[in-house]
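These notes are about the structure you will find just below.
Labels A, B, C and D are assigned to the chains in the order they are written; within every chain, residues are numbered from 1.
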Amino acid sequence: MERKVLIIDCADAPGLITKITAACFEHGLNIIKNSEFVDNAQGRFFMRTELEGVFDSANLLAQLQRVLPAINHTKLVDVGKKRIVVMVTKEAHCIGDLLLKSYSGALDAEIVAVVGNYDLLAPLTDKFDVPFHFISHQDMNRVEHEQAMLAVINSYTPDYIVLAKFMRVLTPEFVSQYPNRIINIHHSFLPAFIGASPYRQAWERGVKIIGATAHFVTNSLDEGPIIKQDVIPVDHSYSVEALSKCGRDVERSVLSKALQLVINEDVVVYGNKTVVF
Amino acid sequence: MERKVLIIDCADAPGLITKITAACFEHGLNIIKNSEFVDNAQGRFFMRTELEGVFDSANLLAQLQRVLPAINHTKLVDVGKKRIVVMVTKEAHCIGDLLLKSYSGALDAEIVAVVGNYDLLAPLTDKFDVPFHFISHQDMNRVEHEQAMLAVINSYTPDYIVLAKFMRVLTPEFVSQYPNRIINIHHSFLPAFIGASPYRQAWERGVKIIGATAHFVTNSLDEGPIIKQDVIPVDHSYSVEALSKCGRDVERSVLSKALQLVINEDVVVYGNKTVVF
Amino acid sequence: MERKVLIIDCADAPGLITKITAACFEHGLNIIKNSEFVDNAQGRFFMRTELEGVFDSANLLAQLQRVLPAINHTKLVDVGKKRIVVMVTKEAHCIGDLLLKSYSGALDAEIVAVVGNYDLLAPLTDKFDVPFHFISHQDMNRVEHEQAMLAVINSYTPDYIVLAKFMRVLTPEFVSQYPNRIINIHHSFLPAFIGASPYRQAWERGVKIIGATAHFVTNSLDEGPIIKQDVIPVDHSYSVEALSKCGRDVERSVLSKALQLVINEDVVVYGNKTVVF
Amino acid sequence: MERKVLIIDCADAPGLITKITAACFEHGLNIIKNSEFVDNAQGRFFMRTELEGVFDSANLLAQLQRVLPAINHTKLVDVGKKRIVVMVTKEAHCIGDLLLKSYSGALDAEIVAVVGNYDLLAPLTDKFDVPFHFISHQDMNRVEHEQAMLAVINSYTPDYIVLAKFMRVLTPEFVSQYPNRIINIHHSFLPAFIGASPYRQAWERGVKIIGATAHFVTNSLDEGPIIKQDVIPVDHSYSVEALSKCGRDVERSVLSKALQLVINEDVVVYGNKTVVF
């Protein structure tokens, strides 16, 4: 008995649920959990089905193609630990939490490698017996640096790349190699503060909440499909440094929740948004 | 074109989703929104389907009975405003919020009457042109009092009864007339405080959060199936009265959210718990 | 025995707390509650003291001037219900909540009048026996319209003006008549959406939280000192209309909390930010 | 220049703030931050003052004794990292988080040792170069076991002991050695569930929130003064195991926040409650 997740994304049409679940039933597969969402405004259908049984995957997918609209995104993915490469710069809070949760089983992910453009986080990574690759951006142009990192990353065949406070902007060429498979975290404020020193700006403005947003990376900086957001309350007594500390707390928490959703295959991207089942 | 909600609750079995959605499809009904939940531990299947089209309801229900397990709870209910009778004692916060939200369209419910065992809330109810029935419990025994109230309540043929801080315990006879159709709100603490003056006890204990629980009324006092819970943070500087005020805020908020869920037909009761789609 | 609140805002200096509390003590006043905040980065001192006793206010303030730095903002204000004028356009959620909370005593404020540039909210206001002034902006230029509104508002000598979804931008001339005494509420998103139809933009972007910000009105549109912020979680299944409904819920809640803080004299404005004691 | 925190807890009396701050001023100490709280119902005064300067501590405390009520709790404590011994049984989530936060500087505490009645958490503790002491309760009676643990713990002269899911009840003799210096974390529910398998009971009851409470340990099991509480939302789709996972998340978060408050000297215990400045 295996377990897999079927994800379907296509134009809405009458009878889809019947046809899809009938195909699973005919293959002797048991539906453990099923969710659909129809975006009525856009006439688009999404379905996530956890299946258990003995899979003839090629056959099932072929049968589904016969009943689904011609244009559809359909995938049948294994349940289980995903392979994650984490990219970092200098900050420990997100990578530390991911390493610890992976180690203790609180996150169904294996951190297969950490890549840093500084080497500060090597000692922390070493504690968890995860290889750390220090690839400085010094003495390289952007393209060379990305290619050096990609060479290492690709060698681990990761399912997802997590930017755990990796502070460099990735080029479209890099992003295009892992479409909807690179997850970033960044701080968020109400209102937004553009430019340098956002926590100083937030402090000067006296914001009452500090937030974080985890999203897939696209070519629009910090503008990819949102996976998870959260905030924590702050007040006037918080210094710039205290606001930054709160920011780190909420970033850490939101990133690990977002990653858990992604590795559960709970997240489907469409347009510039997500369905989170 | 009408809209209805189909709710099914039965033992889990292979192919249920296929059979149910196929029946809807054959009746020419469009599935606007569909949700299922399987309690794998108990082998129980729940489904909520919003349908649009021209309904031959008797025929659809008959066809569903042919494909569902013999023992099942199945209902097809109209979408739209539900008729609500609210029972009150002396406190204004919950009834005021319900009247205002019903008036302004923020709650898809019509408050058809308010019944009070005191008359303090008659002026507030009058503002919204809703009939207020003052039925004192003085000079009546419990059974007489409940029967007097039931006579009034039944005359309004309500879909649901909301106890908006109605401070008397209802007898099993009363409750049995509206099974899973009476909604209550009460304060909740961590830890729980039994006995009189719970806010004083909470103050003496220095609790850091104050909560509220909305639930269906069963014969177990304050122990029926939970619909919605929430909390708000408090601290040592709150007096007993300030804690009570916070308690009222969270009660009001939780009760109106719970009622909205119920009138949306989002809530299914089973055992002593709920599925909230 | 009276109760008053002393608010002091000045440059930080050694011994301020001693000198201020000594002055209160010498006047035979009892300190019920005391809070200070020092913005160490800016060297600025804030103090809020609730006093009880028999007040010789002129004398107390004179004595304080002798011990405080030459430049200081010091005020001694009565505790008790503040007079509020509410300005509205078409939306009922905020004004309804304020009227209800004022009526039921949940908010220590008297709504003395409502001014609307449409007349849709007159019936709701009438229910609570509060005068509604319909002053259309049709057939008037901006200055004439504001002067017509100010004439009515000033006649009520309000302590504060609340913009409960008043959808017109106020001129600097209007704002200058009530400095730090006009409170506005607006929706907030992560990220921010500039321009028309923010809820549609938020929907297209798939935001996971919807927020609201209450702030004092200055000449920078929606950019005045923040009093209170909060958010509620949403997901992909929310339509544009459902997001708007959530926005209304959080606006209502944040506005009434912000107003309560202001009328408690818990809020001090400095620069473009607030201390909220 | 040193920094210390002055904590005072005594009967309320007129002029206390003046007298206390005057004493600090006369010693040439600068008040960085000051907070008072008066429990008016009990006539009790609390004050926490962060001081900076050159301390003649004995002299300052002697002078304070001359102006304070005869019975008072007064202490002047150093700011800086506290020494923490953590006691564990088998669960990794709390100890892992504390080790990581201590290592990365997110928590101003030094974990000087971990004591476990099982050895499962030794490998995790070893990663952070913190000594792990395995002291099995097998083959010992309760008194012997506690004395063996105390011998180890005392050798580290800890400021505080943290029970990070230590699953044995401590005797009054143990507790009396560290009054108000032992911090425990436990799950909390609305309503409370007594007896074995609380998560199963919570699941059967269909609770909608899961909480955690951090408190000082007294002789009343799980009933000591509360430091911090929080909850997270759950729903019907959570299995017993998923509820437990949420419980671990909120326990971890609440425990580290509570410990940070305690080591900041922000927490004063009185009666069975706390003031958290």
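Quick note on the criterion: a residue touches a chain if its C-beta (ideal position, glycine included) is under 8 Å from a C-beta of that chain, and two chains touch if they have at least 3 such contacts.
In this text the structure is predicted, and so the values were computed from the model without any measurement.
Chemist: So which one's got more C-beta contacts, B-C or C-D?
Modeler: Counting C-beta pairs in contact, C-D comes out ahead.
Chemist: Using only Cα atoms, superpose chain B on chain D and state the rotation angle in degrees, rounded to the nearest 5.
Modeler: 180
Chemist: As a quick test, compute the distance in whole Å between the mean CA positions of chain B and chain D.
Modeler: Centres of chain B and chain D (C-alpha means) sit 40 Å apart.
Chemist: Find the geometric centre of each of chain C and chain D from their Cα atoms only, then give the gap between the two centres in Å, rounded to an integer.
Modeler: Centre-to-centre distance between chain C and chain D: 37 Å.
Chemist: What residues in chain D touch two or more of the other chains?
Modeler: 40
Chemist: Which of the residues in chain B end up touching chain D in this complex?
Modeler: Contact set of chain B toward chain D: 37, 39-41, 188-192, 204-209, 211, 213, 222-223, 225-231, 235-237, 239-240, 271-276.
Chemist: Quick check: in the complex, which residue numbers of chain C touch chain B?
Modeler: Spelled out, the residues of chain C in touch with chain B are 92-93, 96-97, 100, 103-104, 106, 124, 127-128, 245, 248-249, 253.
Chemist: Going by the contact rule at the top, pick out the chain C residues touching chain D in the complex.
Modeler: 14-15, 17-18, 21-22, 25, 30-36, 38, 40
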